[in-house]
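Order of writing sets the labels: A, B, C and D. Residues in every chain begin at 1.
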Amino acid sequence: MVDMQVNIGKLVLKNPVTTASGCFGYGSEYTDFMDISRLGAVFTKAVTGENREGNPAPRMAETPSGMLNSVGLQNKGVDYFIEHIYPVLRQYDTVFIANVSGSTLDEYVEVAGKINDLSGIPAIELNISCPNVKKGGMVFGTNRQSAAEVVKAVRKVYDKTLIIKLSPNVASIPDFAKTAEGAGADAISLINTLLAMAIDAEKRKPVLATVTGGLSGPAVKPVALRMVWEAYHSVSIPVIGIGGISNATDAIEFLLAGATAIQVGTANFIDPQVSVKILEGLKEYMERHHFSSVSQITGNLEMPEGFERFRPKTF
Amino acid sequence: MVDMQVNIGKLVLKNPVTTASGCFGYGSEYTDFMDISRLGAVFTKAVTGENREGNPAPRMAETPSGMLNSVGLQNKGVDYFIEHIYPVLRQYDTVFIANVSGSTLDEYVEVAGKINDLSGIPAIELNISCPNVKKGGMVFGTNRQSAAEVVKAVRKVYDKTLIIKLSPNVASIPDFAKTAEGAGADAISLINTLLAMAIDAEKRKPVLATVTGGLSGPAVKPVALRMVWEAYHSVSIPVIGIGGISNATDAIEFLLAGATAIQVGTANFIDPQVSVKILEGLKEYMERHHFSSVSQITGNLEMPEGFERFRPKTF
Amino acid sequence: MSVKKKIENLLVTANRRLNSEYFELILQSNESLPGILPGQFAELKVDHTEHTFLRRPISFYDVNTDKSEVHLLIQEVGEGTRRLGQLEAGEFLNMIYPLGHSFTITEGTTFLLVSGGVGIAPMLLLGRKLKEAGKTPVFLFGFRSEKQWFDLSRFEALGEVFITTEDGSIGEKGLVTSHRVMNTGRFDGYYTCGPVPMMKAVSSIAASRDIFCEASLENTMACGIGACLTCAQPTVHGMKMACTDGPVFNTKELLW
Amino acid sequence: MSVKKKIENLLVTANRRLNSEYFELILQSNESLPGILPGQFAELKVDHTEHTFLRRPISFYDVNTDKSEVHLLIQEVGEGTRRLGQLEAGEFLNMIYPLGHSFTITEGTTFLLVSGGVGIAPMLLLGRKLKEAGKTPVFLFGFRSEKQWFDLSRFEALGEVFITTEDGSIGEKGLVTSHRVMNTGRFDGYYTCGPVPMMKAVSSIAASRDIFCEASLENTMACGIGACLTCAQPTVHGMKMACTDGPVFNTKELLW
């Protein structure tokens, strides 16, 4: 028997395989296909202060080994979440982590404060990296001072496990990882989507109504892996790896790069059962490589001799 | 007959289809497969001040719809280039643009100055965005002040067409585009590769000897397209679009996003004739859409109504 | 109450070319089929290629409960549908189904089912359900030309069939909305599927006559099961999801 | 003087399974073949899938100039070679060839051709060229087990064949380097292809005997034609490119 348990802040997850915000609904969309209680956790879709319609349509474009989305945080607001969604989530034997988003510092604080009171939600993921909203979102995630301010402010009102979700649209991940850690985060998760664009050459129009959107899927995996590796070497809080994970090998790569847990996003759309398949593949790998605990994999990467002489210093 | 000619600074190219630095050797590698004089231009592999061995092997990893490289500017130095390579290039009826790289400001200036004297090289592309060398390269391309300094210094010694190749590994492309323009660039080209990483899960080792490398290929196209679009709206000098272009439709998308010309990189490895196929596909598109001149396509993108109300302001 | 969605590898029992653009794919489950309603769809796994990554949503064209077979009518428009067209009997196709909100069987007796191009796909199952409910379905199909036409006897078995083609190569020349049958007052409602401009025109006519009208939309979709929120459709009741609230909407609701 | 490289769609005339891991692909050109030397390779276009993007380098196993046919011997190790294994007679395969620097025919009379696993591929053509040049080729092949073994009569027609398997299921048990034929002084040189540790061991033995030794490397490659500089191989003469300076190197040159 291999030990799959991982710790993130005060949070104990039964295994490191979780599903990414916005890519797994509230979990209930997937119960026809799998037992969601097998997952380490489910990160819910974004929750904001008020009801949001999200962005105009079209909101999706397919790209080579990936997709763009410009959903724009569509949700019914935190009060609706507490009244109508939370009671449903409580019925599952699954850890739910709320993805908290906002346009202003006050909104983040308001939502985090309200969710702090929900005994069944043991952690939040602060989304300071959404590329799809005009205000807030990525603005906080690409400016160190704003990032520090929002994390500190939320930390004051939120006393459970606080995960900060970082934007990949920055020059230096270590800077932002350290900023989050310094401001009181218990963990960081990355990456959110890469700001990108698709054009319909025949119509001579952008595909998305918002022109730009967020790129996700296998295409971004190499960038995500590099950023997780950099983050792991920059901070001492746990790192949650996200970006294009589509099979057990991908997940293991992120663990080796330094992730304590991983999130499966876009891959759920292609195979709604992929997360449990990843869990099984991970167990098989651990047995084959004689790992007794999944934590032994995290950061367990043999470095090529003298590599530091050649690569640019990024942390 | 459609007019394919484009102007970039003082440079006149017979068409906008060119090949990217490091992906087309010095052109001669491709003459068995195509007539390279049909290309708008060939961007040569990097030239530095001294002979460089480049990075240790392995230098390549395949990724979903893309690849990583960590070549690290291997070349025999500018003097060898002038003595042995330049005379060979002169034999072709093709515009060659030298990709100038370095580790220090002085090195960039030295190489640019020497190439300024070569009557057969009408332009250089200043590579301030190589993610694969410890010093220089990306360091200049991800710091605005260094970027401005190196462009200004090269501008002083280089009086032909000066193209600055931008790094995508930054938070704001418009900042760097404007910096290059302000410092005297005649044009900008983008994107260079995205800093990324690959791991061999079975060996528990990074695939590349340098751990990280540059991601190229169709995977990066949506990011590149967004950056070209942002750059086009930030500066008034021409923009050369690069990133994952693999067929005529891709090339047209970059022109629509605002590129005056495009470079074909990684796709050459899969189909050595792809650049001429792109040229033909572009002509066919122009005829079908009744464009008489390729310049009519540049930036000719119909914007969705009210999109500015939704997307984050990036320029 | 919604039927449990399945993910399953179905056996291709036949793949019939109907014309140069359309083919009919017949797939068999080795279990008994879940209840499938007209207007519902499946998300089909296509090979990961240079141009395809996500699943492809396709409506149910016909269902044979006894044989546990579903029929799909597909138009080749790109790489994904091209690959589906190459499937051969004996191969398997992974599919998530049944998905989405179906057409409504409502009050009234005579209904016009108006489609453009491959929008014809959901109309067979709908016509059959209408007939089973004791109603009279009448079909009006618009094609670009004869080239999109195929043997329509399965429709003819259910009701009158009218055809228009843009080039007049078969049926009446013109668009469906200019066909004489659209100008009669004999219908209690319209069902429509096809290009948006066509569906809008049908919906306007319905509005002007103050009759029932439902349209099946083809918004691009990533998940097909309500998880990703990318298939958004603006409606008078706010943003709805085409994959779960639709693809069939009452046209009165739509802001399009 | 190098032969002009071609990019061409070759017709698959046969695809023979040799054992559970290896297959032999026979491809025909409709032109006369360019000169192909032992140790040279082709870059094969494989489908763009979730796991494959670049071409795959494969050595020439055999060449039939009269029929304009080339033979490739391929081991299934991943998605790309799996797809190649599924090719059927009548299909076409796009290939860039001939590429790379071949084995050298040098002074001396008797040569040992040592391979491990699918490293056997370039040895047939090499054996034939040696024989044509009046030399005596002797083959020593290492396999993991009997499962990698296949009918070696084409080699036997050219010279003596010795076999080792790691599990002793066929031939001598052990590694090629411990085979008795390696301990004889009868050879004027070695040619080797296979896993790097094996080639290094062969190269050390050659060095200790002060005889000629060439090895064919399998560095990962993006372009195969000298344009990308990713297939770098450190040598005593600086960084060399495995696709153009190699894949065959004199082992004295190699820093590995």
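Here is the rule we go by: a contact is a pair of C-beta atoms (placed from the backbone, for glycine too) under 8 Å apart; a residue touches a chain by one contact, two chains touch by 3 or more.
Fair warning: this is a prediction, and the values are worked out from it, not measured in the lab.
When the partners of chain A are compared with those of chain D, the chains appearing in both lists are B, C.
In this assembly, D is the chain whose CA centroid lies farthest from the centroid of chain A. Across A-C and B-C, the chain pair carrying more C-beta contacts is A-C.
Computed from the mean C-alpha positions, the centre of chain B lies at a distance of 36 Å from the centre of chain D. We define each chain's centre as the mean of its Cα atoms; on that basis chain B and chain C are separated by 46 Å.
Chain geometry summary: the mean Cα position of chain A and that of chain B are 32 Å apart.
Shown for chain B are the residues in touch with two or more other chains, namely 55-56, 61, 63-66, 217-218. Each of residues 48, 50 in chain C touches at least two other chains. Taken pairwise by the contact criterion, the protein chains are fully connected, each one touching every other.
Interface of chain B with chain D (complex): residues 22-25, 29-30, 32-33, 45, 53-67, 69, 71, 74, 217, 266, 268-273.
On the side of chain C, the complex with chain B involves touching residues 50. Every residue of chain C that touches chain A in the complex is listed here, in rising order: 4-7, 45, 48, 50-55, 96, 219-234, 238-239. Looking at the complex, you find that chain C touches chain D at residues 47-50. For chain A in complex with chain B, the residues that touch the partner chain are 55-56, 61, 63-66, 68, 70, 72, 131-135, 137-139, 142, 169-171, 194-199, 201, 203-206, 208-212, 215, 217-223, 225-226, 229, 244, 249, 252-253, 256-257, 285, 289, 300-304, 306-307, 309-314.
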